[in-house]
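I have placed the structure first, in the form of structure tokens, so that the comments after it can refer back to it.
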């Protein structure tokens, strides 16, 4: 059975991992391993360990704040997550929702929920539906909002 | 037979991999391996895997958005792609088209198409025509627009 | 017995390691190993060595200045700390307090003390209470200030 | 016989490698290995391969554009070149000329020529004249323009 | 006998390595190994090699210019120096003096001299006086200027 690792934070203000878990369970039969860390900078080693302990793919959930220093932290976290992937040859789908992507709490929660759900679908495709992903290449998909769609010529 | 790996995204709004594939096929006989991932941050490990599975060179296609956060993501992706190259000793030709490089959809599509085609030529040269590349050194080539040409003295 | 490594600097203007040490001792029985280096850029190798010498987790304390160049140094240090974690598969909880997070010395000292204490609790949880952390996922915890709490929908 | 690897790009608008080659040949007897790649992001793996194939030192020539995105690309390339050096324990002398360092084509060409020549001298010193370099420590040398000289006290 | 590696540049406008050497010799009996490279980007591999050849700790001296591009180069150099440390498990004390830290040549020279001297003391402490460093934790030390001191509460 395929295994998916979920790494999330106590800093985030929305429980994205539960949304992703539910979505994954509705799509396929996978084992789930879930780890929670304080903040996004703690995600890279957590994702690495999940992959090394046998997960086939991981998801890393985070909710960076709106300030320049928060963007800097998100940059460090993302860079570390990419390094974790290169060390293992496995994907870590990053599900980051920046606080300044929405104008109020309600909108931010909806965005986080939707992005988590749609990236769970991506994980399902990376595991079981690679052909489907290939057909979606260059089609302007967006996670957590309306798709941009392919360019109109 | 030489093998070229193509890694692209569902986020991009133009199917650059197909353009490159067609161009490569018109220039030489190569095997093609194609993987699609959600976004540009997923490209480094995808390119790494393609190279590790036997591809001699890879192309990574992406279309970063126009916002500062998008530039940051592109930076992380590019840094990861360079690391993937250093891990394997093989080239990954990055074909990124930034949304703010063109003023409308039509122009952006034309730029993406042309850049993909010209970088496919570069891949062909890296594989089979290293001498030709050496003769082009310092001549101000541009992919997806008019060449800048050598400096006039 | 679990062991915690503490790495801090002579540059910082508050002795956060002592606060963390006291908090850890009040929560559990752990061995402590403490190293002091000049500045935050010296923390990554110090944390790495602590982990390699047998510490199960490390804390890295720093107090970056308010200027752009200070943010750049903090970025380098954080990136290095993440790399140290990926090299060992162990957590390094970063406890950085930026000088511009408070308006005067008194407030800054209080922030540093509180953040050190709350991150010591996080270290305790990472070592002994992983389930507790999982229950706190997505609840908007903040170290050194009032929690943001979960998003109101 | 010592060997020097030269990596340059088709993007650059001046053939700096030829200048460096000529200068090196006038100073000493070295073997030269020359590779041309499309752009500066392709330089790190090219330099790495040159060093791994037996070159004792490498030079990497590039001419980044004037826009913020060009600075970002140069940053990625430089970071990769430093990594290539750390992987091999050998020097890669970076010879980058930024388009905005000069006000017109003629001045830019002169700068590129002079910088390539002076860095070729540095390569010669790194290979054969380490004592000479040590005597120049802290003397404010500049490649491609008048030396700044030591600080006047 | 402990050995200290010194890596500096011909770009810098002050001979900081000599100051550090003198200070180290006055404090303890150590072997010194000194390498000079063109610029700060050449320091990481130089420091790495010094450490690999048996130095117990290294110092890296540089004097970045005042422009944004200079800050970017300093960032690359510092990141590489941190990586060199992580690769060896040894400290490289970075002694960078930014040209815009002082208002004229005289002040800059004094700053460079003082910073080199005080960081030489740090190297001495890292080698022989770790307890002394631990007592200085969180006391607001500054190299090359008046100490900030601990926060007043």
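We call the chains A, B, C, D and E, going by the order they appear; numbering starts again at 1 in every chain.
The rule is simple: a contact is a pair of C-beta atoms (placed from the backbone, for glycine too) under 8 Å apart; a residue touches a chain by one contact, two chains touch by 3 or more.
Source: prediction; values computed, not measured.
S.K.: Quick check on the contact network: minimum steps from chain B to chain D?
M.R.: The least step count works out to 1.
S.K.: Quick check: how many Å separate the C-alpha centres of chain B and chain C?
M.R.: 40
S.K.: Report, in whole Å, the distance between the mean C-alpha point of chain A and the mean C-alpha point of chain C.
M.R.: Centre-to-centre distance between chain A and chain C: 25 Å.
S.K.: Hunt down the residues of chain D that sit against at least two other chains at once, touch-wise.
M.R.: Those would be 75, 79, 83.
S.K.: Name the graph shape formed by the protein chains and their touching pairs; answer line, ring, star, complete or other.
M.R.: Ring.
S.K.: Give the chain order around the ring, anchored at chain B and oriented so that chain D comes second.
M.R.: Listed around the ring from chain B, going to chain D first: B, D, E, C, A.
S.K.: Looking at the complex, which residues from chain D come into contact with chain B?
M.R.: Counting only chain D, the residues touching chain B are 8-18, 34-38, 41-42, 44-46, 48-49, 52, 61, 63, 68-69, 72-73, 75-77, 79-80, 83-84, 87, 105-106, 108-110, 112.
S.K.: What part of chain B is in contact with chain D in the complex they form?
M.R.: The touching residues are 71, 74-75, 78-79, 81-83, 85-86, 89-91, 93-94, 98, 119, 122, 126, 130, 133-134, 136-143, 148-153.
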